[in-house]
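Below are two complexes that have subunit A in common, paired first with subunit B and then with subunit C.
So, the complex of A and B:
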């Protein structure tokens, strides 16, 4: 191994090469669960701060009392969260809460109802008052902001009037019910009863919102009311139900508050609507609707509560606390708007993370260089098959009846037959981007399809799926179980299908970015028909492309496009499981590898390493800025407008080369297949399949026979 | 660092909205691409290294190519002969009002060949050698204006001068026999186009992609006025057009990648240090098909088609402007075209003469004979 490059056969090296802090951040930002991380950290930080600065703060009794103080506000915040997720807002939550608090005391102390009746009646009051909001907003299509503002004013005025009248009654009467005392001061498993109830409510709310049909409908309405209506969701009824739910949650909060305080005054629930709004937005429930979870609402709620409570205990004046909450609301709203608008862009901006990739020295291509790579014009004489009738036959395959198949960019397998190969037919339409192909023992055509996985086509043209996912890598943030870009495949003597999934971070349309990034994002995967299981064999590999099972069936040859090297992976024998470097120095970017009739191999070079591109590969920052500042079409690329086929033997020695130096007939040549004395040529972007005569080749040799028939070399 | 540059750029755009951004302009309007340069008639066999053209008083054309100056005359300029040979490459040409032939010779200086064959040389000005004459214009009063592309490089090292971001060009004026040279302006960005009518002088600067005009009577120049601020190509020779405007040859098109590499000091310096110039990322006079030439993704041949609109390594571009600098029309040879690297243009008696240095061809448009 030369000093300028590094050992890609070692897993630890490859793993390290695939790591970068920016890349980690970009993948984290793509995760839904990462969004509340910042509020969550703030919450823990606040608690830590007060634990340090307030005596006896982090003790169990204090935490119990904090929970008891918080729970009612939690219900109110939850009501606010549901209304926000539905795309509206419920400003009346604080007033509703106060009304329900009053109602509870009224039913209990003035009317003297039993506890169960009091609870049921109060919940009914909350539901009816919320229902008024719901009717106005859902059915009459009033603006949620104004509507609930009006209800806020009316309810607040009413509760003040009622308070004046009944305050003395409440103050002189008490209930001696133990159930009532339990609601006010009891514990469940050491947790205050109201906090326990809140927790249960949260669990139910979470399942409701994230797992139930109604929760999804609610979120859909919040994301786009019009689209939800078009999708057949009963928008009016759902909105009505949302405000009823908000009212009920406030009622539950009111009941617990009444049980705890047994009094009412004009400050009950004042300003709670704004605290709840601050809390919920701070937690990451979007003001724009359609985004949020109950947990985020709670995180925000706890932050606001800890802050209010802590500042008071630190002896800071109440108006100052209000100002702080106001500023936090402002900041949270700004962050919410900016974040939801720009998150995708932010991820996009840091998703591509080029790495330094010094390539090993390249042998010369110059005609006068005397290397086996020296350019010649041997492919200029190629005969064209299906000129302008195929779009980008990445791979070509020939069956035993001499019919030629090409995998094209329109998702088809095109077949040419007849004496002059002029009869064109669509053998099968798969979709995706079919790439590498091979025959299995039953003469099914097995094809790697970028964007889909590995598929098979029966001789009658019927398409079936072989596999589309592999095992997920446990330590990767990106779910890599789906096959992103199956590129080339080959089949071992035991029927196992070995294929390359060349990138797990990009798609067919953006795979040039993977080359620009120069990181080991690909993998070698195997499908075992016996167990129907798909397993990743080599992870973190630099753009694995060409795959060929060696003539003896003991190893798989893997072409790495971005490393410009060929590797051998042992699948049988004493070295089983070992990865070796087979060809270290290549002047171009490796594509497909296939068997040759004389026991050697064919290799296509899709691109030539130009000095400028090699230099760029050593300069990751240059490439990063290029990707950001220069339009895609203007990015520096390897030399792609040429065709090159190499031949190499089992030891990795290059024997000869076939060139179309300026790509007159065959530019971006990606594959070649030998068949009965001809070499057939395919190209990723070409408008034809080509073939040249191989005078010294075995005129009876076919690919099928080399794998499954009398031309096999793995038996003798 | 990247983020910091971005912030600086954004701040600059906020605080100085009128500051010249100098982005690559898109080719539209009068610059809409066509293939008119490819369809022009070719005069005779190739003249490898053909660079500049001038029309003599007798109607013959003088063309500099390699170390020689050729004289083309007769119908369709079919007859050609070598009239002068030098020790360096002959570049800029002009005909003096007295009939003498002015030739810029790489690494040698400027020579005026009188009608009687007598040669006057100018080899240095203000104590520095005049080694890189890129354009010559003779005033009707007999005084001679000279552009020196760079004090650091010979004319054929223009790409290195661009990549070093030099501003080392000079504008000189001297007497009718190249005597008493005076430096009118210096610190120019590869000036290589010059035109004068005796009172006003037009000057093209390649690396700043602009054409300026200034009064040039006497031994000083007035403050330059920018006529063309931001061209889509690298300007070369200027020539008067009938009807009052002027022709401007552009020897290559600007690309985003080149502009980007010009901002990337680390990459550019290593490129210059380790690679042969013809493999650098940058403009070229011709696309050679060398497999080691840098390529851009847009240049990928798709379905056997070389896209004419792909980012050009070399390009043919010639444009005509009104006297006030409004573009009137343009002639192109796009990617895959034949006539790239247009270095000179001249309206002559038999038609519009265009020199494609990339192809080593002299082209003629007979429909545009000098009015």
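So, the complex of A and C:
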């Protein structure tokens, strides 16, 4: 097998392990921008369809004329969108538009006012008529749907009466103002003037809705009127203003329409309210209120406009268009209701995507097997430190004054001191879930904190942040710039902090799901204090857990929990940047790795592999069913009721093992530290820190000295 | 000691339960109408107000309009409102259950247009009548299913289905006016016939109203509809199958639309698709809301619909005699409906703490 094919196989394997359609979908559904993508795609598809089926459709002049035709409807749809976002609805927009169109022509042609006056007066008409809706809905608390339906009927009937009376006046009079012609037929930078005005309005509307206090109030009222009222938002006034705004937008639309058409008849704006409603709901402005943007309203508006316009140009009968609009509205309403109700559930249902993960064969643990893994009772005699005074010391660390530190579940670093290590104190409270710890050169305690990042504690107990984010992976949907679960860390001779971020898809409380998923979601990250930059070194790593800089400072050892393997990543020397598999076959799930006094390494196994669990890792569907159908306390888990510490050398050979086969005192061992002839034990769920004597170990060796003092084994 | 204490508390609980059951039984035994009447006595009853206004208008028009107070005109008035009344009975039912059906008129027009076209093409008349009923019921059921199971707001669902119904019906029966066969006397009888000198539509309306009243007042399903309208969540928690009930309500509305269409065809000899485009459905809502069937749901009765109908019928009749422009009629009706909605709002204000969005 040549190197290239091997690489190709490895690549495709990695591809399959990293991406599955479901995985992609589950992360897509979480994205804010995903919802408008669907209507946006429909919009493009619709344009493409008409471009193919209608001659000269996708030409610049036609697009210009489409924009000119659309803009007025766009204003009306925007008014509808604002009223929907406020939790109401304004069905009178179409009739308001017609009234304003009439008003413009009346002021201009009958009263002969100047253009500025006409515009001001028309906007005032729109504001007053919208204000009537506003008073009824905001202050008198009438139901928006029926109220605006009635104002629709009244306004429609009024404008029909007025039209009958003035139609001939309008037809015989014309305005010779150039400004007026510009409003009707002009272009700004090649864009029809009304479309340009719409675009500017959209920009203002967007800033108003998403960046201004009033926009937020409006959204808050739409999301929950009751909560908004309790929060002290003037609900009545805001609702009143919303309908005034809707009326003003219709007035602007009416002015442009009047300038373009210079006529009015009984069909002006008829049915626009329902088209606008269909449009904004289709775009994703929620009927329930409180959700939507001006852009989404426009996407929906363009879809409806393209559809009605295109169907007319294709010669389709009006009743057919009516049925199509009705079906779209029905579908959009149903989709809106179902989507807003079930989005979270849908994501939850498909978020966990187990992959097939065949583990390498596990070595035998039998006492008579003669292997270094053979079970023994060497940890049973461990003495307890701080019995019932610590909550799950995931990592333990000892300083040069022989004081013992444990990182506990309650977000504390607990310190035991005194001759018998009986004096307990809270060295520092960080919060989060402190995990791996290490001394830096200045004897600051650097801690990996799940849920927070990497923090440091000065010798006086003061906490400072080291880093909490890294570079974002540009092709990943999940934002992985934040450190979700910094697990273990170690510090190189140059002061760089190497740490594992074991999952980018789950949190501290759900990290067991990452193991069950069995995908390379973790990463190795490095923080360089010289540049204060944090960089992801290895992306896509199967649950990296233990991190240990090798004695010579040339490489970093990485324990992969879900693969049950240990890797070596070269950080210096000729192999810099290469990742090697160091230990292939291990009987359990790897946790922390730490240095030993004789130039070897300690390795903690948090759980012991079982044939059933190994089989489950090869059966992703089984694990998926388990996660979905079985309560969490019944899930298949590795053997967690053992304690095991291994010792291995630079070549990855296992030298010996220390066992607590009962699981009573030291199960789920996650960490061990050698210090002056003793081995200290920490466990994720334990109520103590353990300690056993190592008769053959260097009685002067301390962790700090092995890194920064006279026990270093690197070039210094 | 402990054991005794526990027994005692169990006994207490049992007693409480039995007394609660007793209370329920007593409530059931009590005529529901009285309960409604008692609740009303705190505020002026909307039905009474509307009835008084109607009587005042009748008196005023009798004096002011020549020819208004004749028996023939009054019968004519009653006949002309019977279609509106039958549609109003359906709308009243659905509004009581806290829904609304904006597609009711479209259902009436669509079902009958297709059936009349089929009659013209030679389908036996009874079969075509059943076809109209089947179409109407199917549409109503579809409305109900979408509203009950997808939980989409009824306003929007029925608004949209109105468009779809119109579009599809016009595609199947492409004409604005479709005439009934002249020889179909059985079909036209309900709309045209007389009994003891009184036009049959009045009897049809009266019969439908009485049936609806009995249904709403004396059947458990009818009471459940009130319960659902009053508080759907409480009704559901009390064990009422709210979803099937919703489907049933929308199907009944559609069936009443079919009945109204039957009377309509008898009276005019044709079915006009134009009604789906007009404001007729708002007249129906007007009739219902005016009479005191609150849009908040769970309130009102058949009497409300009848009273509302009388007022609107009187107005319409007077407009016809006075030859008022349709647009002005629309404006007046709109203002009256707005006033009715505001009155309803004043009498039954929404509880800001429990009000739902979008209604």
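Basically, the second predicted complex is superposed on the first by the 690 of 716 C-alpha atoms of A that agree within 3 Å, B and C clash if a C-alpha of one lies under 4 Å from a C-alpha of the other, contacts with A are read in each partner's own complex, and residues count from 1 in each chain.
The criterion applied here is as follows: a residue touches a chain if its C-beta (ideal position, glycine included) is under 8 Å from a C-beta of that chain, and two chains touch if they have at least 3 such contacts.
Please read all numbers here as calculations on a predicted model, not as lab measurements.
Of the two partner chains, neither subunit B nor subunit C is touched by A:203. In the superposition on chain A, A:287 makes contact with subunit C only, not with subunit B.
Applying the stated contact rule after C-alpha superposition, one finds that A:128 touches neither subunit B nor subunit C. In the superposition on chain A, A:325 makes contact with subunit C only, while subunit B stays out of contact range. Looking at the shared chain after the overlay, A:636 reaches subunit B, while subunit C stays out of its contact range.
After overlaying the two complexes on the shared chain, residue contacts for A:142 are found with subunit C alone; subunit B is out of touch. In the superposed model, A:226 lies in contact with subunit C only, and not with subunit B. Shared contact residues of subunit A, touching subunit B in one structure and subunit C in the other, are absent. Here subunit B touches subunit A in the complex through residues 1-2, 255-257, 260, 264, 266-267, 270-271, 274-276, 279-281, 289, 291-306, 310-311, going by the rule given at the top.
Listing the residues of subunit A that touch subunit C in their complex gives 87, 89, 136, 140-143, 145-147, 149-151, 153-154, 156-158, 160-161, 222, 225-226, 229, 274, 277-278, 281, 287-289, 317, 319-327, 329-330, 333-334, 336-338, 341. Here subunit A touches subunit B in the complex through residues 365, 375, 388, 391-392, 512, 608, 610-613, 615-616, 619, 621-622, 624-626, 628-642, 661-663, 665, 667-668, 685-688, going by the rule given at the top. Residues 146, 150-153, 155-157, 159-168, 170-171, 174, 279, 282, 285, 289, 295, 325-328, 330-331, 333-335, 337-338, 341-342, 345, 349-350, 352-353, 355, 357-359 of subunit C are the ones touching subunit A in the complex.
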